[in-house]
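Structures follow.
Presented sequentially are two complexes of chain A, the first with chain B as partner and the second with chain C.
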Partner chain A sequence: MRIPFKTLKSTVGFFLLCSFVLWGSPAWAQSRYNGRLVLAVTSDPKSFNPILAKETSTTTITAHIFEGLTTVDPFTLKVIPNLAESWDSSRDGLTWTFVLREGLLWSDGKPFTSEDVVFTFEDLIFNDDIPNSSRDIFTLAGKQIRVEAVDKRTVQFVLPVKFAPFLRSLGQELLPKHVLADAVRNRKFSFTWGIDAKSADIVGMGAYLLADYQPGRRIVLRPNPYYWKKGAQGEKLPYIQKIEYVIVPSMDVGLLKFLEGSLDAYTMRGMDYPLLKPNEKAKDFTVYDLGPDMGSSFITFNQNMGVNSKTNKPFVAAHKQGWFADIRFRRSVAHAVDKKRIIEIVKNGLGYPQDSAESPGVGQFYCADVMKYAFDLDASRALLKDMGFTDKDGDGVLEDAEGRKLEFNLYTNADNGERVDVASIIRSDLERVGMKVNLQLVEFNTLVAKLTSTYDWDAIVLGLTGSTDPHFGQNVWRSSGQLHLWNPQQKTPATDWEKRVDAIFEAAGQEFDEGKRKAYYDQYQKIVAEELPVIYTALSARLTAVKNKFGNLKPAPFGGVFHNLEEIYIK
Partner chain B sequence: MSEFKLAWQRFVKDRVALIALWVLGILYAAALFADVITPYSLRDESRLHTYCPPTAIHFLTSDGHWAGPYVRGVAMSYDEYRRRIYRETDEAYPLKFFGKGESYKFLGVVTWDRHLLSVDAPGRVYLLGADSRGRDIFSRIIHGARVSLTIGLFGVLISFVLGLLVGGIAGYFGGRIDNILMRMCEMVMMVPGFYLLLALRAAVPDTLNSLQVYAAIVIILAFIGWAGLARVIRGMCLSLKERDYVLAARTMGLTDMEIVMRHILPHTISYSLAAVALAVPGYILGESALSLIGLGIQDPYASWGNMLSEAMNIVRIQFAPWILWPAFFIALTVMCFNLIGDALRDAWDPMLKGRGDQP
Partner chain C sequence: MTRPYERMGRYIIKRLLTAVALLLVMSFVTFMLMRLTPGNYLDTLRLDPQISKDTLAYYEKLYQLDKPAWQQYLFWLAGLVRGEFGYSFYYNVPVAKIIGSRLGNTFILSFAAFLLTWMLAIPLGIWAALNRGRWGDRVAQFISYIVLSLPGFFVAMVLLFWASTTGWLPLGGMESPGAEDLSLWARSWDMFRHLIIPATALSLGSIAALQKIMRGNMLDVLGRQYILAARARGLPEHRVIYVHALRNAINPMITLLGYEFSALLSGAALMEIITSWPGLGSLMLTAVRSKDIYLVMASMMMGGVLFVIGNLLADIALAKADPRIQIK
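Coming up: the complex of A and B.
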């Protein structure tokens, strides 16, 4: 007698719950508000502050929490409205007026107004106390953009000069003034929303909010109750009620978890293909191939002439800096790197050799016609000989004119197995031409620290994310850029070609004619290929294995598999 | 010396331990003569032979005639799932014994170019298969034995000298010295071994070359291992110093140090020898663990641990299971040391035989 009673009770409860959800949602949609999406990341975020973010481990998470005025259509690359519903520009292209959508609310329920846009630009991005990469993008011809609130829903941008990728750059994440104004006033913004932040304090406009972060274990996101975007029938979004990023120690662990069914998607490496592809049917998933990776993968040498202000020692030994700054040295390395075998061995043949600073995956701005360095060990040796390197003591390692061994440390992050393999192939390539290279594997965040604050490295094998508009590579390519890897944050360009690249970025940023912009960016790619501040290796094919349980899944070449996450539901 | 003889007689009666001793002897000899035994040098690679399976050795020609041992060439192709398929071609390469190959410094002194086993290029002989860059796993295991087998010995040596000294002094003098030294030991033992290993590794600067890394690992391992031994030696000393012969030595006017070194520590030898043998596996595993996660011996140098790091991937294990060979050698070595350690302990103290819970 007791069993039916219990069942009945729980059934009543169930109906109540459903009717509550049904309120305001069409009947077919009720079943979509459920479930969770489980993904894997291999690194902890360093912060939840999108302004301070420098690495993908951070931006992967902040991209869910924050949004900008515009966004880019992942199929056509056209700029489409996001938080702004429309815009207008003056005839000279210098004054832009944006009208925000009506009734936008932050995730804490406070209204989103033009003041927040002004705050993000004037008080955060252009604040000298706050180091950030966005400043490089919004500083035009040395002058900053002026942002003014016309009324609550209208905001005006006045540009000092014409700026072609302006609309695209307004994908810049916006932050809430009412939450952060105090922190900025007290000069504490750089320590705000770090990884120790309380999840409830982080307020954004994105579809998801931080629910819980357990270092080294998981990051959990919950839906933003005030999210502005509505479905086709006016129903609430997002559908999926929980996103869980499991922090795994390595890609291999991610693969195991995907195979056992505890992950919903897995970003594949080429070498995983033979294991996953034959299992598509049996394990009910699909492998999507979205073409060449948009980013880059390279080896770069430290040309920083600076001195550590604490120890008064140069960041990199003067004689090594001298080698690395010599174009013959870098060309010699470029000739010695066996890209074809890297693709065959590391990526299982599923990759593309990279020669240009832009990947073929970025679309229109890719320039194929740049200087290429064929795999040619003799050419490589000849260049070193020309520099005065000879093997005086016959031990197989070259010495320079002063008798110093051509020896340096090559860093990469130990947690990325594929990158470690690439680094060991490069190491053995360089050994063949007489360089003694000590491979040093460190944690990813240690590597980031070396690149952005301590500068104590010789050579690094690394990758950068890419963008469909080369202009956003400014923080890397401008000599004053924060991520100008080989010699960052220069006061004035150290070399003639860096000066030329600076000028190209300046000019291309003001050119509205797409054809002429392409010509500018072709020129920059040619200069980079000639001067080789970074030596490109190989790009992976973007392969993602996704379980066959999602509705509205529309993989896009420029957006990935989950670019429309708020619309995706579990079937 | 008759005590040693008696112990040895008891030891050789233990067949299993004797076999273990032989196996270890062969492994160490192989490490010593690695350059001669291996077909290829440490740096040799053939990138066209990615994950080439173990080479079959043929004796007969295709029509059934005796042709002596030879291997065939291989050709690689991908199947529809991009799996590597190796097929034997018709080219035959006879196996050469003590044939000419890459030259090396034999035992670090004489330049020589003969290899126990080799085939003429472009043929390749992979007794245990190839790794991702077509390097011979057999050759790398033998070369890697130099690191993996010696790192344990050197580490044990250092920590035993330390452990004996500290334990001996603490046990003999007792009182405050004992108290201070033992608390020090406990500080080291308090931290879980593997985390201490990682912490110490992180404290070592990251700009070392491979030889310095090797030395650093030896020192780190020794630092972790000495405390446990010191505590046991101290316990033995505490009882030994009450013996009559110690009293006799003291009456004869020997200094404290002489008594410890000459009369007390030698009596702990029975325990020490067994403990050495039983401790070595811990050091070998410590080095392997460090190299496995990429913080130990770095490519191109081989150690069994860093070779195994390539096997930390189910895709590779599935399609090239032979990359697990180093694990077999680690297990074999560890087992041999344990068997010998057990047998040594039994041989020194037959009363303990069969009582596995004794130190």
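Coming up: the complex of A and C.
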């Protein structure tokens, strides 16, 4: 019987590899190459293809398998080298040259070259057949970035216009040309490395590879035998030999499984704190507090003056639009919302009041020095009185000068328990100053439809995800953005301050000097806090409970608990 | 005069034809309900600041969400005729690939519950009938009443709570972490431990109901004249009970067996969601929530087909078992 050459080769390779592991690493490291880290995810991955990935349950997994040219320091948020060891830019900031590290290998042992970088951009991201959101990031002023290989280890990017978050964006995961070129040619890429893929086919540069995926049950990762990063004394990484993500249907199940002892870590909600904190000693784990969350949570009012083209009716009744567009009204609301109570009740005291459009969780671009609105019901009432609101009939609800009751609908999505609680607190706060608020809990889809297509809402309590570079929030802040919630997709800015914010985003997006960029983004945060298109409430604390069994654990405010997973080992 | 087999064949064909019509109506209603409710699959993407309008429009075209509902329905139907169940937006693979493993998981749970129900309920019913009015019977009937009045999901929650306080059984899911490294025996044992709570919660109510029916049937038959006659002829008691009485008492149960079969795959949905069993039910819940329309359609059709087949099998089995029943 003949053994197929390929099998033989891989078997020999495997033994070589094992002996390399035992041989190439110092004796103290030997005991570290074992164990399993068990984590939870609340839904199945949708793909193992990082280019097609659209949401976090997918990127949680692909982040282990794929890497980019640059990465971000988890402690300082500065851009640091990853697969590229160094880079240089031309004086005009349009041409960037990257030098790749020497001797990089894909997880199948083939060399990683500049061709792979060119392939990822030119053939995947800018391929019209392939739907992906990276294209939106790398298309600047309507033109695409050009990527060229200079030699095997050098790659050049030519930008159509200056683009400040460029280096940070190059965290973009890179994919192997030698594996995927055929799929692209046959127009099959959009169906490649989906959840039905064979785990051995998926080739990456990350510390881990896919070992096994069982829908609805688990995702198991194994070490990449060719991983490029080495330990402090040149020993092989990663240490932990299996990462298992248990798929749980909800956070509550995750919490129970953590208490049961079958999970090694659990990302907590504020409400879990009283249950977990007292058990730290008995169950041998530690709760890490990594500071405020990156996202946001706010109430916003509809200032859209548009008219529904089918029914010929305004999206919002004209008199209500008039109230909402009046800055005194929005400031009155800001004074009436009791952020402290929200933190106490909804987040069990584990939260931070939010005043600025960026969260302190995003690091350097956060501006603390913005206008703050203290919880002050008298100030709130005074502003309403100034607008002409009085309670004429003595029923506790104010009326405007024309006698219309100050009444509106407040929407939020019913499936987000925390958000519903925030909305009811806001409602009771606003009722104290004489507004009549009808809380409407709707399906998430209904809420999205109201925000992005029918525009028939008065007020909404919502949250949006944040990112470490404010530039990526421009869809929300530019007056032309479709997520410019209070008055989306404007042809020309409706107000002076929106015009100023537009200009800031335009300028900051092309400014490479970090200090000047920060000045721009500080200015935008100040304007937003003054004009209050959205009124922020409170941010959650990022809490993670981790079992006390890991070595090299260095929780970082921006990277989380396991940002250096490849160096972590089980004691 | 036609022969019975021919008659049966014609009956089955007639039933299958009505089944097709039934499934068509069902699929149409489901499809329209999915389309008429506000929003579509792309809604979660719409709230992502990093995704542009063009990308959204591209997806809309790709998934044909820009076409009118009836066109989409016909398109789906045409695919079904060719044996294609459509494409899942959410998972980006053909629906058939997702449903397979989930169907298997649901089947494991349902079959375990099914076995548990029938293997306990039938003997219990017989035993209760033979010991009618005695202590054991009274206790069994009393407990059955209590169980019958408790909804299954509540039982599951109580069991889960009990498991979380004692730590004796795993809390939901289908296996423990690290299961893929275990031997086949250890894995089966692990899965068995995970099965106990959902299977018990799923079958407890049916056990109570079925044993009551069985007991009633048995008592009814035991009071008949032919049993008296058999006893009078001096047949041994076990022959009287197990051959003469049981055979007649079990007849109505055969119909129930068919219905239970049809409920096998559809009935476990709620329990799956509560005990995080990765079956068809929990898949369907996420599919409906994320408006993954073709995945919902495929799961619905799967349940519908099984229901129709189960009913048909029940009727045929009954006709076979009871010569008094005529099929037309």
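Going forward, the second predicted complex is superposed on the first by the 334 of 571 C-alpha atoms of A that agree within 3 Å, B and C clash if a C-alpha of one lies under 4 Å from a C-alpha of the other, contacts with A are read in each partner's own complex, and residues count from 1 in each chain.
Here is the rule we go by: a contact is a pair of C-beta atoms (placed from the backbone, for glycine too) under 8 Å apart; a residue touches a chain by one contact, two chains touch by 3 or more.
Since this is a predicted model, take the numbers as computed values, not measurements.
Enquirer: Counting touched residues of chain A, say whether chain B or chain C comes out ahead.
Expert: Per-residue touch count on chain A favours C.
Enquirer: Touching A:217 in the superposition: chain B (first), chain C (second), both, neither?
Expert: Touch status of A:217: second partner only.
Enquirer: Classify the contacts of A:256 with the two partner chains as first (chain B alone), second (chain C alone), both, or neither.
Expert: A:256 sits against chain B and chain C alike.
Enquirer: Figure out whether A:174 sits in contact with chain B (first) or chain C (second), or with both, or with neither.
Expert: neither
Enquirer: Name the contact category of A:334: first (chain B only), second (chain C only), both, or neither.
Expert: After superposing on A, A:334 lies clear of both chain B and chain C.
Enquirer: Which partner chains sit in contact with A:290 here, chain B, chain C, both or neither? Use first/second/both/neither.
Expert: neither
Enquirer: Taking the superposition as given, does A:205 touch the first partner, chain B, the second, chain C, both, or neither?
Expert: neither
Enquirer: Have a look at where A:47 lands relative to chain B and chain C in the superposition and call it first, second, both or neither.
Expert: second
Enquirer: Where does A:125 make contact in the superposed view: on chain B (first), on chain C (second), on both, or on neither?
Expert: So A:125 meets neither chain B nor chain C here.
Enquirer: Touching A:439 in the superposition: chain B (first), chain C (second), both, neither?
Expert: first
Enquirer: Show me the chain A residues, by the header's touch rule, that chain B contacts in one structure and chain C contacts in the other.
Expert: The answer is residues 250, 256, 259 of chain A.
Enquirer: Within their complex, state which residues of chain B touch chain A.
Expert: The contact residues of chain B facing chain A are 43, 45, 47, 50, 78, 81-83, 132-133, 206-210, 293-295, 298-300, 312-316, 318-319.
Enquirer: Spell out the part of chain A that touches chain B in their complex, as residue ranges.
Expert: 250, 252, 255-256, 259, 270-275, 277-278, 338, 341, 344-346, 348-350, 407, 409, 411, 414, 417, 420-421, 424-425, 427-428, 431, 438-442
Enquirer: For the complex, give me every residue of chain C touching chain A.
Expert: The touching residues are 37-40, 43-55, 58-59, 62, 90-93, 97-98, 101-102, 105, 160, 164, 167, 170-180, 273, 276, 278-279, 282-283, 286, 289, 291.
Enquirer: Where on chain A is chain C touching in the complex?
Expert: So the residues of chain A touching chain C come out as 36, 38, 43-44, 46-47, 52, 54-55, 131-133, 135-137, 190-191, 194-196, 212, 214-218, 220, 242, 244, 246-250, 253, 256-257, 259-260, 262-263, 415, 443-446, 448-449, 451-452, 464-465, 467, 472-476, 481-483.
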